[in-house]
């Protein structure tokens, strides 16, 4: 029930942070898609730890092996199985977690819910799981090559990118370790993260995602609205606390006469408060949404933790962790977006016979 | 694919604004639940139009008929079919919509997606659909009577309720037509809505929902996290543009050392930035979240609309519409919350044999 | 989980034999299908009791009301809600069932599973549920008008129709109350049923279904094979004990050299032991399968029943029941076949983008 | 859609006969189950080719690697990923299949449906897929250790085991290569298979499965009846053409007065024509069913095949194949039965709160 994303293009995943491997099965990939494996690896590299000074220095090669469903480089319509082996695990780093529950982590609730848990590095709760999502997202992107998906960091702590996305050059996103396409803002963000890291602390941030070239008609009415599926996917990412699309929370302050997007004669609209989606269905305008990430809960400071005997003890945070998760989450946001879109492209094919 | 909410407690719905009836099937309701039909009707009455001056003056009796699954007042475990007949339809009010697409409505995208649509009153896109949700929510609430679900209006336009929810008296929610438990703020909101209405305009707002007495362990890991399911449900409501839980978007500005919820010895936490959910699983603390609603798109003003011939013409908004949707959306938010919770109570039963 | 058939063309149903109404929701019906309502009613009439001397003399008008999803006679892509009201219920006929469990009925297991059941006329377990299936099947048939689905009674007790289906005139199926297209065999079957009825006894039989004009490629590999979905649907019909397709159980006695269907140059095959399906996917040849029905368990004789106090008492069967269920089950077999086929037509649309 | 079996205990699989590996994900395995890995390997060994002279002489080590979801030998409730690597592939044996479609194989329909296929050894259509099912079945068996599942070969060609299953000693099933618990019949079957093999031919057969110690109440009403789920699972096995449970096709010849299973005072029944299931729900009596397998389509003889240019040419069957599939299918039938049962045990847990 809980390890599958999508209905027609379905990703089912497995794996723990310090188990043998993570992996997944992509079921419902159309036949006849030529797969560019370098592109897949490239996306994995974007997510990989150790890319810059402001992210965790763990080293993981994050090499994916495809085991089925692709023959002579082309998808066959069969389920695509893949694995990403775990390497460079320092499980001993996590022995102190066996009997303790870290604040604002899922240790406690997993213990209560399941009774038996792989505590090493968070086990199944680890964001290492997102490596699977990036693999599937990289396949999804290749199914809909004309759709342009660009995510970027739009704020870190109090430093926000205020430029309208239309005035940004998405080519600059990868030009800096923060993945913010405005270099001046990016520098400020980078400094903030560095200073927070120095304190052994962490900081939150937001990611904005823009999707261009989406045809009219994607998305299902009522309970599977396109933005509801995007929202659910984003809220699946570790540390995400909020999702808004189009005018978002700001719309709650507006009047209808300000907010309505008047039509042009060709069906496009003069403004786009709607964020490219009406009644849950894409209207051909750009889709854009924003995702809020809380600060990572693992601090490299002393903190009070709860033991399984009901005691509060002081514990020093250990391991290799990100001081700010948003730069590495950019390819994850894009990957889930691609998966949701492909799923909805397929759903849209069955509206008529 | 698109008309079902829930996995184990499943609501599937049908119905158009001006068709014969709306209705649904609740599949997966446990056997042996004694149903209080008055309570169901009471929830419907809360959602009903025409309750006060600040909501639409349409008259709908909104009487639900249960057709199956309940025998001698007690659920049998069989699927529960129900219908709510449409009355007092003024379909002629909508003749002007046959060939035109209103701005920020779903007319245009439905036409493009399906080719053939019931244009009367928005047809399937109408928020009248939510009558079905309130019926199912009222059943769901009775399955988990110990859980307390309270939603209320937390802002209308620029008027916000700033009091922490712990200092509010939820008994006051129904004391005023806005459904804001702070009377002074409620009055201001009511005035704002009245003045907006006078202009033939509309205004957005937010609803906050607080869920108390939730046991530890509800919610599934990875893709069906409890907050992701709540978020998706909320984003299914007409006019919703954003969802956040716990510290929400504010968390993106915070440091980990500020944000972490330190444990007490009994497993409760000293703060609750987490909003009662860790890693997608309830931790026993209060769950709270906020939902942003855009201003209703139907204005009782002249507005430019698009015709199906690609012309822009001026059209006067007609019909009976809400100037602000949030007061009537309060029971809808509660209903969906109840449905998601029951679904997760059931899911949680299969974690062990 | 249990009241839905189909994945993309989905029927969800509700209703008890002696409740207010039965009904269902068809979700996933493509938009733009013109519905012939007479054809729907015609199928219902074929299933209806009281059509001849050899079926039950209950009178039910079995009139379906469509409540949504069809506008101006054409489907809109929205979910189609429908109800069939119960009339002419003689619930008092069933008072004797309140505290007793009839042999080879589901009374006992429902009581044990759910604790509380609608015992009147079998409640949810009654074959009256199949009225819903026939409604949805009649819609499904209209979605794929070129596909020809013909079911007929191929045996009653020891009287079997041995003619190959290719030598039968399907136009004769409706010419006699048994629905056997060979008149001489039909007469024998009719006599057998009449004599069994006289004894207050019942008799089993089989139905054969032939599907023609199915294109190559319907059906999914591995777990949703076309014949597996047909088999599951048939095994959902009350009283069904077996399903075989193509060469069926006979194939277990054959050698590969006898059984293999050699190709013609155009991809058709010289023989059709495969029954039109290879590896779960239609190959363009006729699909044919056979379904075995046990004798109806309700006898109009004295029989020992179990009481809820654990006593065995003698009870006289009452009510109006079919001495042989297969003639009325013919349209049900066809309806489920049509639903499964439409579902697979839709599934087949998403194999490529 | 097509690579998943089960709803709450879900197996999703991947893999081609001559790809790198097969494997799967078990989602929904309850936490806290201690896994006996030897038992899993033991089941794999039962399915493995090369066990005796009457099965294919391919050598595959069929070693499963579990990658997640089991920590310190105990399930954690997380998804269980596993892979079985392919070894000893002789892909060159299959070069002749690149451009040809073998009779009664799925080559032709896969080509037409997907356009691009892995032709080596049948690719995804190969029964090698069942190795995944046996892995999941071996886990499932350990979740419900008190339930006894015994499958055995009940016929090969015209040689049938006629003894009632109650008079058989299930301990003898593994005593002979045919897996028939009656030694004299087993010998005859073995001789028949040997002689068929000599001719380069193949032969069909049936498997009977008996499930004991099932509690009352498993199975869902209407569309997910227990026998319908068992039937669908069995019809998913390569080469299966028919399924019957309890009295099966024989019931179609019987009268109700003969067929009804009269109750004992304790709720058991004097006879068991019902096959342990009433109205789709287990009644506590033994469940038994029979599955018909056609003869394997691959002959080691010359046969006419179709080329992708529409020509009929003669081809000599090559490779290592089973002359009769039923002995090796015994553990597969048991595995799928176990999976369906566990799924229904879990479903049954949510009938009440």
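Chains here go by letter, A, B, C and D, matching the order in which they are written, and residues are numbered from 1 within each.
Throughout what follows, contacts are C-beta pairs under 8 Å (C-beta built on N, C-alpha and C of every residue); 3 or more make two chains touch, one makes a residue touch a chain.
For clarity, every value in this text was computed on a predicted model and none was experimentally measured.
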Key: Which of C-D and A-D has more C-beta pairs touching across its chains   = C-D
Key: Most remote chain, CA-based centroid, reference being chain A   = C
Ask   = If you average the CA atoms of chain C and of chain D, how many Å lie between those two points?
value = 27
Ask   = In angstrom, rounded to a whole number, how far apart do the mean CA points of chain A and chain C lie?
value = 47
Key: Chain centre separation (chain A, chain D; CA means) in Å   = 39
Message = Could you pull out the residues of chain D that touch at least 2 other chains?
response = 1-4, 8, 13, 28, 31-32, 77-79, 113-115, 124, 221-222, 351-352
Key: Complex contact set, residues of chain D against chain B   = 8, 28, 30-33, 77-79, 143-144, 221-222, 345-346, 349-353
Key: Parts of chain B lying in touch with chain C, wherever the complex brings them together   = 1-4, 8, 10, 12-16, 19-25, 27-28, 31-32, 65, 67-69, 71-72, 74-81, 83, 113-118, 123-124
Task = Name, in rising order, each residue of chain C that touches chain D in their complex.
result = 1-5, 7, 13, 101, 103-106, 108-110, 112-115, 124-125, 129, 155, 157-158, 196, 199, 201-206, 216-217, 220-225, 227-229, 231-233, 235-236, 238, 241-249, 251-267, 269, 273-275, 278-283, 292-299, 301, 303-306, 310-312, 347-348, 351-352
